[in-house]
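So, here's a batch of structures to check.
Below are two complexes that have chain A in common, paired first with chain B and then with chain C.
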Partner chain A sequence: MKKTEYSPFSVLWREVVKDKLALSSLLLLSLILFIVYGASIVLDQEEIVKVDLLSIYSPPSAEHWLGTDYGGRDILGQLIIGARNSFTIGLAITLLTGLIGLTIGLIAGYFGGVIDNIIMRIIDFILILPFLMLVIVFVAIVPKYNVFTFILIMSAFLWTGKARLIRAKVLAERELDYVSASKTLGTPDWKIIVREILPNLSSIIIVNLTLNLAGNIGIESGLSYLGFGLPESTPSLGTLVSYATNPDVLQNKWWVWLPASVLILVMMLCINFIGQALKRAADARQRLG
Partner chain B sequence: MTFLRVNQLKVHYPVRGGFFRKVIGHVKAVDGISFELKKGETYGLVGESGCGKTTTGRTIIGLVKATAGEILFDGKDLTKLSRREFVQYRKDIQMIFQDPYSSLNPRKRVLDIVAEPLRNFEKLSPQEEKRKVQGLIEKVGLHSDSVYKYPHEFSGGQRQRIGIARALTLNPKLIIADEPVSALDVSVQAQVLNFMKDIQKEFQLTYLFISHDLGIIRHMCDRIGIMYRGQFVEEGTKDEIFHDPKHIYTKRLLASIPNADPLRRQEQQKLRQQIEKDYEQLYSRYFDAEGRVYPLKRISETHSVAIP
Partner chain C sequence: MVKFILRRIMMMIPQLFVLSVLIFLLAKAMPGDALTGQLANNPKMDAQTLAEMREKLGLNDPLYVQYTRWIKNLLHGDLGLSYVHQQPVTDLLAGRMWNTILLSLCILVLTYAIAVPLGVISGRWQDSWADKLIVGYSYVSFATPLFIFALIMLFLFGFKLGWFPTGGSVDIQLEEGTFDYYISKLNHLLLPSLSGALISTVGIIQYLRSEIIDTKVKDFVRTARAKGVPEAKIYSRHILRNSFLPIAAFLGYEITGLIGGSVFLESIFSYPGIGQLFLQSIMQRDYSVVTALVMISGLATLIGTLLSDIILSVVDPRIRID
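Presenting the complex of A and B:
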């Protein structure tokens, strides 16, 4: 018997496999992440960020494959730890904002009326706040500033977009008869939201989160570059790139900033290509596979 | 004893406008209708689209809130019940939806769709549940293996029968059928309608049958109510409505049924033109200044017409 059932995940998967660019992006990204997370288990962050005055700005050599920075710290080690930090931050922000946005979007969209109105006005309020300026102020006043607080601050602002997207989808979905049917069958509201509506949104959620992941890695790097990201004791891709603000480094010591810049570019491009393929899979008219 | 009595039911929607979004008017979707259902009968609600028949059905089952009036079911007013109290009556009133495509969740198997009410009201073991669902699915004429399939693997008529199986799961007393066959093609319509008649006898069901198709209404219903702009125009038994219509609107509606016999086509056309002329001449006798119908007046034991 021919199998005619395609779960949303198998459709997404088929689309990625069909699109050669997305498939190679996926392989490359998995390779990078495997190396980065694998190597960062072996590497010791304390050891890498230790200042070594004897080898300041040494170019790539057998001892330091990618040279050292102005503190004599190994760039390759910082690159690996930094990539791990940046990706972890990006992923955590994406998941956290996804979770908050999903919950609030589902509630606002499903119940509608006054609840929707109140939630949307709160979201409007958060959206008009000058996001970047507030993050910079937070960074200045929060005493213990590390990866965890950074994730929390970013998530506090970035969930609004997801909530809006999910709400719009739920508003369309709840008008369908299967939701009315569930109501007449006596199913409680929370069950309708979680069991009936949520599965029908799964593909749009996956697509949106993937595309957002690339953006979130970029936001972390951008803020670190401006000097409002993570402190130097916690290496990130942004900190490495920010060394290029020194004209001498930018012009003569390419090994300090170039690898990190290329890694950011490659990772964001890969995630974007995968995201584009998933996006096409979610829209039947654009599918290749 | 009357089984379901709808008394002066009104569903109005506010229309907002102007700078402060003040209420500037109302859409009177249902405007003061009253009717009764006896146990075991099929009551047909007929009317053009937008006349409020679907809203009436959805109000009775609690999907739409009534603005005023009462719905007495077994002597209890459903409009006054809180959501929590209403849950008990859910088991007794079920609905068959118009669109068999959107009324089944595409992400769920037939087993989960049909078992949904069981999981809400009865605590059954998975085996018992599966046996019960398979029994129902066989009753509606599908193979018992279909419970593991997804809705998109079925045709429109099969899907509608899954919808009917779901409505039957809790052994309801009243089923509101909201244009149950209008999305199906004609050959399948008869199949589903006859099936509905069969299960009516078997389960002692009462139907509130909502449709705009007079042929189907004639086939299914014992008593009929004709609606126009949220109000009743005429109410009576099937014979009274089809053979002795009193209101000009009912006459126009009946004249619009096409005649299958080509020899009598001329006759039918003449009748239609005659009624159209009557309608234009006698308009003010049947409709008031606002274009609405007058209150119902009883002209016999079972027959009521909206004439002044």
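Presenting the complex of A and C:
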């Protein structure tokens, strides 16, 4: 009975370590996050966003490793702050939508009946909405717009997929004998949901959250690229990429937009590769080890 | 079957209603109304006449009255007046709508043209180097955000190599209707639609691959093989036949993605379609145009999912509810 290593987490972990691509992604991502969060503590944000008219659009040099933008601001510094903001906010949205989706999915799936019906109709409705356009409209008309309203607006749309997934799993799970046994013993519903069903869903939840994290970073930076993402006081990686809307910058000043684009791409690829490995781990037939 | 379609359409009605109420309320929440724009253009207008005109236009009526009027106008194809352009929204939309539909069609055609052969190769020669390459490509394309991919495509093929035009939908000096005009139009479409298509293939490739892998070991395929049917025919007549219709059904679900994608693609390639118009309108606070566009996109998505559900129910009787 000492084999505790078969907990869902150890299975997930073993799969990531077995998969070389996922393991190197994990290492690379950790390295990037370590540098980004470490450096952003040391870096002075005031100093970075200060306009320096003497060094507008200077190419990479010893002083500015990645050159400067139209305001003479250091790109590398903005890259680090932007990556920190994009990742943190992507993570916040993922966790918030995870929490909402999980709660609603569990309730709909476990209780079924009218509650399930109502919840599913609402989810069906939200899924057919033109998501991107509505987010942009909300961002444009919300008064006192800031990072928290942005997170809330995004979360208001993005919880639905998770709720649907969790509901489907719970529907299958609640038919199993251990749930009926618990019910017969008189265990309260909330206890069955939290203590017994939830642990059985943990690997699916982790996989889903990981893949969503990558997606959310992409959506956030995309919206920031269009000018409807993070407010100006919180630069994002997408803000740096958006300088490329100026054809001159896109064509001749690659150091302004290319590093941020590559960084978004690398982060999303790493998270996705980790997520794919986790997904295989959650499905016993596809495991490598 | 007919019963299913009817039920499915009935289900759409409450969705349409809620959608229209939501958009109406959003439109009401947007700052400014139909007269704010005219106020800016006409300095002679004073507060009193403004108030009178508001009354006359019914802007002081209770919300439900305004809503019914809005819906009535909508059903008559009257989408209101653009404050910025001072012309009916319908006129403003007409040309751009075509451009966006054209772009979306090109993306769809290219997506299927790229994804179907790749999916078939990948499933037929499972675990070969080609399969590994294709699966690798589909992972990478799944993780790549559209706007970054499109920017890099524009940078490489538009600016660095100069193979494609870098903006617009057609060369301005060309006359409409000539042969060169259509060639130029196609040339302008190619890079944006290729950028959109190359990274939206993942769903179809993965579906086809796993379908083929599952199907090719089934009994009816073994029977066909035992009868001596040539391998190529086994694929075209027996295996793929089952997979193609569900793939066609993905089409309707793609519409949401296409609308979102058009916002990015059109802004990056400065392509004059409704995505670009949407961004411009929201920046210029031209809210009647914004409202109309959101309503149209919502409607398009609804119809798209309706079509997909119907196609799928033809293919797979199990999902019919009746």
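In the analysis below, the second predicted complex is superposed on the first by the 281 of 289 C-alpha atoms of A that agree within 3 Å, B and C clash if a C-alpha of one lies under 4 Å from a C-alpha of the other, contacts with A are read in each partner's own complex, and residues count from 1 in each chain.
Here is the rule we go by: a residue touches a chain if its C-beta (ideal position, glycine included) is under 8 Å from a C-beta of that chain, and two chains touch if they have at least 3 such contacts.
Note that the structure is a prediction, hence the values are computed from the model and not measured.
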item: First, second, both or neither for A:268, with chain B first and chain C second; value: second
item: Which superposed partner A:27 touches (first chain B, second chain C, both, neither); value: neither
item: Which superposed partner A:99 touches (first chain B, second chain C, both, neither); value: neither
item: Contacts of A:221 with chain B and chain C, given as first, second, both or neither; value: second
item: Partner chain in contact with A:137 - chain B first, chain C second, else both or neither; value: second
item: In the superposition, chain B vs chain C on chain A residues touched; value: C
item: Partner chain(s) touched by A:276 [first = chain B, second = chain C, both, neither]; value: second
item: Which superposed partner A:35 touches (first chain B, second chain C, both, neither); value: neither
item: Contact residues common to both interfaces of chain A (with chain B and with chain C); value: none
item: Touching residues on chain B, where the partner in the complex is chain A; value: 58, 61-63, 87, 90-91, 93-95, 97-99, 102-108, 116-117, 120-121, 149-150, 153, 163, 166, 170
item: Residue ranges of chain C touching chain A (in the complex, touch as defined); value: 15, 18-19, 22, 26, 29-31, 139-140, 142-148, 151-152, 154-155, 159, 166, 256, 259-260, 263-264, 267-268, 278-279, 282-283, 290, 293-294, 297-298, 301-302, 305
item: Touching residues (chain side chain A, partner chain C) in the complex; value: 124-125, 128-134, 136-137, 140-141, 214, 218, 221-222, 225-228, 241, 244-245, 247, 250-251, 254, 257, 261, 264-265, 268-269, 271-273, 276
item: Chain A residues touching chain B - in the complex, by the definition given at the top; value: 4-5, 176-178, 180-188, 196, 199-200
